[in-house]
Amino acid sequence: MTTVPELTEDFLPADNGSTAPLLSVKDLSVTFPTDDGDVRAVRNVSFDLNAGDVLGIVGESGSGKSVSSMAIMGLLPGSARIEGSIRYRGQELNGRTYKQMQPFRSKHIAMIFQDPMTSLNPVYSVGWQLAETYRAHHDVSKKAAWAKAVEALELVGIPQPDKRAAQYPHEFSGGMRQRVVIAMAIINDPSVIIADEPTTALDVTVQAQILDTMLRLQAETDAAIIMITHDLGVVAGMVNRVQVMYGGTVVESGPVDDVFERPRMPYTVGLLGSVPNPASLGKRLTPIKGAPPSLVNLPTGCSFSPRCPLVTDVCHEWEPHLEEAGRPDHRTRCHRWEHLAAHEQPQRLFLHDEIGTVENPAVFAAANPDESLEVTAVHGTLLDEESK
Amino acid sequence: MIRYIIRRLLISIPILLIGSFACYVLVATAGNPLAEMRFRPGVTEADIRAAEISLGLDKPIVVRYWNWLTDFLSGDWGQSIALGQAKQAVFPAVTDALWTTGRLVIGAELLALTLGVSVGVLAAVKQYSIFDYLATSTAFLMFSMPIFCVAVIVKNYGIQFNNVLESMGLDRWLTTAGPRPGGFSGDLGDVIFKYTGTFLLPTVALMLISFAAYSRFERASMLEILHSDFVRTARAKGISQSRVVFRHAFRNALIPVATLFSLNFGAVLSGAIITETVFGWAGMGTLLVNSVRQFDPAMLMGWLAVTATLIVLFNLVADVVYGILDPRIRLG
Amino acid sequence: MANINLASEGGVVSSAPEAGAHEFDSAKTRTQGQLVIRRFLRHRLAMVSLGVFVFLVLFAFVGPFIWTYDFEDVSSRSYQPMSGTHPLGTTQVGKDMLALLMRGTGYSLQIALIVAALATAIGVTFGALAGYLRGFVDAALMRLVDLLLIIPQIAVAAIVVKGFSGSWYVVALVLAAFAWMQIARITRGETLSLAQREFVEAARACGATTPRIIFKHLVPNMIGSITVNATLAIAAAVLTEAALSFLGLGVQPPDTSLGVIVLENYGQFLNRPWLFWGPFIVLVSLSLAVNFIGDGLRDAFDPRQTKVRA
């Protein structure tokens, strides 16, 4: 555990001459002790975030992306061992108590959670919850806070905000609730917003609206955003930098176009190949075989080695470092990235026979890779008849 | 809300009617109140027949039920017909017993609820602490404990405590054989002394049991809610830990326990049978046990009718409480 | 990931590995049943409790063949203290307390096991039927429960036992008549959610009959909660039977159960405490042991709750 520097009540704005990034995470590792052994949820994750940045963190469930964000917020359970440093405007956050983190949450780093259906308190009105968030950091009357809440609801595009504020969460639809959650995240005008799968629980059409709202607010407030998602479509449309996580650590990072067009890590290739898109119509989907590693018994060497088509002996021996892969700012954690770069059609590395060809254009409606695979597999069986 | 309550009350009428009829049949078939008469010297068949007719036992059961029901609803709850006992009107006997039970149980239940909820919340917030282990294992132990043994142990340690007081030259304080007849008198100190002495032991016995149930229940629901998404949201707001626990988690965890309490209350009013028996309180529980022992149909029916009505009423109270505490439920 | 649920996130306890996953798993793959048994065996308190329970069963059913005194034997002197011949002393009428305890434990166990078996059978059948068929069956079941809820169990038990003589099976039947409701409620709830799952749809699409779906598809999926609740029903039945007998409304003398023994001897609490503490300890160990076994089973079937020391 790092020593905690003296706490300043108000975090100074960035323009005080210091060149420290807004948020700097260095060698962050999170371990949970369990009866079955230590779960190494996050290992050696580092990144910097500057004002106005939109960073995407991509990976399957269990890759450690949510745990990292909870570590930044200081919201992990007490049993979690958090190593490394998390600096906000140069001040160390790791090792702070709940109380020491309190003035910082929502005021400086706010969070948007995945499931809008469960992330609002069911027994208080939406306005009450927003006003509470505002009053936690501003010494104003309840009435003024309520007015601020109505204003925030209006900002995220909720019609009739003054009327809706008095309603309870169950009176809102999923998309509207997620707008409320976003309103709660922006009400204190934070410098960093961490959005943990903000659209996963929503319908596709609503997803687009929510992302649109977030982009608009980002442009208006100039907050930095960390967008955590497994949805590559979201990443492509929104972020400027992306980090791909696998087995609790970052396996590739760089500018989003670079990473998507010239992936330098076989896992990223596999991830991209698992998503149907119009360009691959008639071609085969190339999903990755196998399942993510157990975080208790990580494979020795590269954690992706058991599933990697390019695997060689060295991959089983030691885990590579995150190193620059040919282009500035594009890093990969792969022994074999040069082989990968030499490949004409890297997608074909993952070709195998179990999965059929994409025939049905309707598949593209669902950007979620898991869902779309299901659609291709089950269409038109007796079951559909029965469930009607 | 009022419309909902009225509708619920109307719905409970058929349930109460069917329930009371089932009870009536059960009581009527379970035993003959005149059975004992046969064994008495000098009782002839004609005497028994006369008694049967005077009690209406010769008529079919539906007619008898109908007669009982109309009498009951018009306020005539009948007479106790237990043999070898002075005749006793059912209505005052049941209301007296209810009052006695109420005096004992209301305080004990409220104390148990307060204590149980506080301990449950604290144990959940400090999960896996020494306090949590202590509270959880105590609750588990009490939960596995036969109630009558707890009552017997409490009573006997009370007696020993009295003996110690006496050997020190003080008055015996704790009562182990029912409340004094005729209330409390004397100066204020005296009244408090007698009052606490009367209530302390049975209250402690009742509390120990109910407390265990409430604290287990509250701990479980608190834990579930403390791990819920909206509590995480609350923490992310930058509000204090205590505000998260009380304004957000506890407010939600209150809903199931308040419902449970209301439901329990109706049942508890039907008599803390064991505590009453051990401590000699002439409440609903004792009334039931005595009426069954002497096989007293009128008294049993009065008892069952009052109890069933109380349970139905408190079920309604539970639903109303739920509706008030949880905005997701709209009664109507 | 809605939660930092390590069980699902890290695949730490992935008891049923997804297809293809096992080839990368370093640990040997085990079936669900083996895992449950292994977890139960590792639950120390549950294992101790199982030992206590087995001991009590032997004590109750084998003990009487070994021990010199019979529970009905009144030949000994009244109120003898604890000694070599009477390890727990004798009662007022000169019965050997140890022999009484053996008989009482046996009776309590017998009643409790039958109550639990009956209550589970009725509760699971009714609960699954109501949850699966819904509609009329469900409504009828709920009304029946409503009806039974407004009549206190103790009153019915008392009246029935009084009216139809207190044979032990009458006591057991009355207790079961009330104990099934809890299990039915839980089973109904689980069935409601299970019935929405694909495998039930699939079974129905294949033309499986309702009883087949319930007993071949639904019940095996609820075996965890059924086992746990059946165990807890045993513990509850032990205590309820003892309480009824203590009130003189359960097992009737000259036969005996743990409740009857306490009733007959608690007056001696201060003068001859062993006459109270003997049956008390047996009763509490029985109830605690069964509850702990239930707890261990719950953990074994559903390890998520206790996995992470959060």
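We call the chains A, B and C, going by the order they appear; numbering starts again at 1 in every chain.
Following the convention adopted for this analysis, contacts are C-beta pairs under 8 Å (C-beta built on N, C-alpha and C of every residue); 3 or more make two chains touch, one makes a residue touch a chain.
Given the structure is predicted, the values throughout are model-derived calculations rather than measurements.
Q: Between A-B and B-C, which chain pair shares more contacting C-beta pairs?
A: Here the pair linked by more C-beta pairs in contact is B-C.
Q: Could you tell me which chain lies farthest from chain B when each chain's centre is the average position of its Cα atoms?
A: A
Q: Just by CA atoms, which chain is the most central one?
A: So the chain nearest the centre of the shown protein is C.
Q: So the centre of each chain is just the mean of its C-alpha atoms; given that, what is the distance between chain A and chain C in Å?
A: Roughly 47 Å separates the two chain centres.
Q: In whole angstrom, how far does the Cα centroid of chain A sit from the Cα centroid of chain B?
A: Chain centroid spacing, chain A to chain B, equals 54 Å.
Q: Quick check: how many Å separate the C-alpha centres of chain B and chain C?
A: A distance of 25 Å separates the two centres.
Q: Could you tell me which residues belong to chain C and also touch two or more other chains?
A: Those would be 2, 309-310.
Q: Which positions in chain A are in touch with at least two other chains?
A: In chain A, 113, 115, 118 touch at least two other chains.
Q: Among all residues of chain B, which ones touch two or more of the remaining chains?
A: 229
Q: Please name which positions on chain B make contact with chain C in the complex.
A: Contacts found on chain B: 15-16, 18-19, 22-23, 26-27, 29-31, 127-128, 140-141, 143-149, 152-153, 156, 159-160, 227, 229, 267, 270, 273-274, 277, 288-289, 292-293, 295, 300, 303-304, 307-308, 311-312, 315.
Q: Can you list the residues on chain A that touch chain B in the complex?
A: 73, 75, 98-99, 101-107, 110-111, 113, 115, 118-125, 132-133, 136-137, 168, 170, 181, 184, 188
Q: Contact residues on chain C for chain B in the complex?
A: 2-3, 143, 146-147, 149-152, 154-156, 158-160, 162-164, 235, 239, 242-243, 246-249, 259, 262, 266, 269-270, 276, 280, 283-284, 287-288, 291, 309-310
Q: Using the touch definition from the top, list the residues of chain B that touch chain A in their complex.
A: 228-230, 232-241, 247-248, 251-252, 255, 325-328
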